[in-house]
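Take a look at the structures below.
Across the two complexes that follow, chain A remains constant while its partner is chain B and subsequently chain C.
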Partner chain A sequence: MLTDDDLAAIWLTLRLATTVTILLLIIGTPLALWLANTRSLAKGPVSALVALPLVLPPTVIGFYLLMFMGPSGPIGQLTETLGLGTLPFTFWGLVVASVIYSLPFVVQPIRNAIEAQGARPSEVAATLRASLWDRFWSVTLPLAKPGILTASVLGFAHTVGEFGVVLMIGGNIPGETRVVSVQIYDHVEALEYAQAHWLSAVMVGFSFVVLLALYLLQQRKSALGTPYGI
Partner chain B sequence: MRRSLWGIVMQRNMLVMKGLLALAVILAGSARADELTVAVASNFTAPMQELARQFEARSGHKLKLSFGSSGKFFAQISHGAPYHAFFSADQAKPAKLVELELADASSRFTYAEGKLALWSRKPELVDAEGEVLKRGEFRKLALANPKLAPYGAAAVEVLQHLQLEEQTRAHWVHGENISQTYQFVASGNADLGMVALSQILENRKVAEGSAWIVPAQLYNPIRQDAVVLKRGANAPALREFWTYIQSAEAKEIIRAYGYSTPPQDGNGRDNADR
Partner chain C sequence: MGFDPDLLTSPATRIRGYFHLPLPRGDNERQFTLDVKLDIPGRGVTGIFGSSGSGKTTLLRCIAGLQFCKNGSLSVKGEVWQGMEKTLPVHQRPLGFVFQQPSLFPHLTAERNLLFARKRAWKSVSPTEYEQIIALMGIEHLLGQRPAALSGGEQQRVAIARALLIKPSLLLMDEPLASLDQMRKREILPYLEKLHRTLDIPILYVSHAVEEIARLADHLLLMEDGKIVREGLASAVLSRTDFPVPLGDDLGVVVDARIAERSSEWRLARVQFHGGDLWLRDSGEAIGEPIRVRILARDISLSLDAHTRTSILNRLPVRVQEITADSDPAMVLMRLEPKMQNASTTTETCLIARITRRSLQQLKITKGSELWAQIKSVAIVR
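What follows is the complex of A and B.
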């Protein structure tokens, strides 16, 4: 069965994924809104940048983060001057890495949902003298709700499923950076296959339930005629 | 109609046959220079690369080297990975492979005894007595994962001997294997690390930063065994390699990287295949 270490890894993973999802919604929603509405020349490059983690191997992200967040890297020097120390081998280092790594999974569904609404609902609200702020909160955001839900689920699930980047910058510290995927890897490496099976089965079950919930939700919503997705 | 179709098929077949024949001729032509695939524990990377260069130059055979953690190699080999030989970071895994009848028992020998070093990239951080550990003037201390890597287990033994285990634990970061541990220190992300002496030596001197070569009485000897695997048992090229790797010349290279080379293997019998 699951050991205390396994449970600690599960708890840490849930904590990490929750933190990352909240941060991603805060960062990703305005970004998606901007990408959906802008005609700026920066639209193409920014879209490409946001999508980069989809194609880059985790090793590339892990390697650069280790270099940039280390004591001789620009981010590392910044965090040191701010008195925060360096980020590799810390929980917040993993948070930063996961936010970058899972960004496209959050931005894309929200962006699609906003683009699918078109400009009309917001314009109609404007004729009723709703301010920009008001329109965002009472028209655009509620209409984009299914997309935001998809984004949260995907962002959360993708962070739970992260491995390569964590292995490269985590340092395998119990309760701090030893997440479930790394714990499973450790079990396999140490030839503790029974333990690896238990944790892996938990992961398979969890992932299946999350994706099933997502698809059921999508079916229901698309029956209502709200197109969105990734 | 049917006949002509058959004719076409036959013609195709002939083409394929000719192609295969040509391929066979080419392969036969290169058969003299055999290719050997060898799995090597990552602490032994530098000396093995040099040994391979020497061996390739004199024998004309080709060595394909894979470096990684012994634990991963063990799992891969027990699931049929196609290596000819395995240089482990410990004695247990080669012994276990022999027991599983995946390796040749008579080929097993201790190729090196590893040494541990406390290393920092900063020139003056580590003193000649390793007092820096007691002073605690560091943020991160990198160790190989003690559960997986013999060098990690040895590092923990050292800290236990010095009664510093509890005091330093909060500063530990684990490398997946000794290479990643080295990389954590080399990139400056960890101030200090317990690495393999072989990783920091160049021309028998510590190449960069500062180091304390941990006295051997502070940890159990890290004896590293090699075995010929089932796939290599009948390869003549591997026999040549096994003779070379146990020669005085090869041992000289291994020692130059900070290892000692025991004259006899762990079981106290003479090295096999001599």
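What follows is the complex of A and C.
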């Protein structure tokens, strides 16, 4: 069965994924809104930057983050002057890395949902005396709800499933940076196959249930006639 | 032409504006430029008519502020919406907008769509007014439904009610019937007429359907290639033979009249207009009620004497005012001025007839000829 170390890893993973998902929604929604509406020249480069983690090996991202956030990197120096110490090999270091790594999985579905609405709902709301802020909260966001739901599930699941970036930036500190994927790796290295089995099975079960719930929800949505999916 | 400072001192009874807006179009087409000087009455229905691509919708969007027009100005009933110093954003203009596609918010029920407007209305909407607007559009039974469960016509009625609930001082309607089939159009038109009769809000009504314009418009703007090519009273603009947009069988005049007499024996009503009387099927209006009828050019035939032994009910003595060529080379158009039996004054109400070139020659009709116009059918449009 699961050991205390395993449970600690699961708890840490859930904490990490939840924190990252919340941060991603806060950062990703305005970014998606901007990308969906802007005609700025920066749109292309920013889209490409956001999508980079999709194609880069996690080790590359991990390596650069380690450089930037380390004691001689610009971010590292900033955090040190602020008295926060350096981020690598801490929980918050993992959070920052995961936010960057999972960003495209959150931005893209929200952006698609907003682009699928077109300009019309927001125009209609404007003719009904709704200010920009009002339009965002009362029309754009509710209409993008299915996309936001998809984004949160994907962001959460993707953070739970990451390994390479964690290993590069977080190392393997119990209770601090040792997440489930790293714990499984440890078990395998130590030839504790039974433990690795248990933990892996939990991961498979969890991922399946999450994705199943997502698809079922989307089916219900489209049955209601909301034409906005992922 | 630049900015017109006169617009800012416009009287409180008119809507005045100026818009110059070059718009890029598809690859090989030449550039489209909206170039309009607007001066229309601040009451009644002003129809904006033109073929597709003539700039009607763009004009309406400029008025609403949905389309930004740098080189423009607008004052609505004495209130500046767009001027030198400030341009009001859309949500600060007291307007209602009905889009071509019924654009209800899909995530809200019909009722919540209405409440969205009521909550944000310019003046508070009393429960009685709320009920009245719902009754006016006949949507009481639809309130609990989501837009997806409603037909196009029902959605558009809810959308019109929503636009009214914001309590606008100008209602803009962009081809509200264009996305609907013939049956749904027939279903909504009476509601629009009721709207016109019951509410004292100026309405700008964009359409490319003569039928709708003939029914609804008091004042009419004709647009072509981004410009206003003609404007005036709807009945006057429609009774010109040189109508700039080819109308084909839809060419005809509208005549504003009043019910003068009702005959219960024949179930007919006599209506009186400047220039004569017409007998129509009695549709139940009381004596003295205003009524608007439409007489199509193809429904008028001409004869040199008053045939009394005919089944045609309506014959009017007329004088030929003008003869012009039709787009069909076999036909000519004629503008006919009714001869008043009792007065010598001329009237503004004219008829337009379309006859063959052959008949024109055989009957030796020339400008000034006096004839009898036999009217085969008269449609009551409102």
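Methods note: the second predicted complex is superposed on the first by the 223 of 230 C-alpha atoms of A that agree within 3 Å, B and C clash if a C-alpha of one lies under 4 Å from a C-alpha of the other, contacts with A are read in each partner's own complex, and residues count from 1 in each chain.
Definition applied: a contact is a pair of C-beta atoms (placed from the backbone, for glycine too) under 8 Å apart; a residue touches a chain by one contact, two chains touch by 3 or more.
Note that the structure is a prediction, hence the values are computed from the model and not measured.
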item	value
Partner chain(s) touched by A:Glu189 [first = chain B, second = chain C, both, neither]	first
Chain B versus chain C as contact partner of A:Met67, first or second or both or neither	first
Partner chain in contact with A:Gly171 - chain B first, chain C second, else both or neither	first
Touching partner for A:Ser47 - first (chain B), second (chain C), both, neither	neither
Touched partner set for A:Gln77, first chain B, second chain C, both or neither	neither
First, second, both or neither for A:Gly85, with chain B first and chain C second	first
First, second, both or neither for A:Ser138, with chain B first and chain C second	second
Partner chain in contact with A:Gln218 - chain B first, chain C second, else both or neither	neither
Touching residues on chain A, where the partner in the complex is chain C	120-121, 123-131, 134, 138-139, 142-143, 145, 224-227
Chain A partner contacts - residues on chain C that touch it in the complex	64, 66, 89-92, 95-97, 99, 101, 103, 105-107, 116-117, 120-122, 146, 148-149, 162-163, 166
Chain B residues touching chain A - in the complex, by the definition given at the top	69, 71-72, 74-75, 139-140, 142, 145, 147-148, 172-176, 184, 187-190
Residues of chain A defined as touching chain B within the complex	66-67, 69-72, 85-86, 88-89, 167, 171-173, 185-186, 188-191
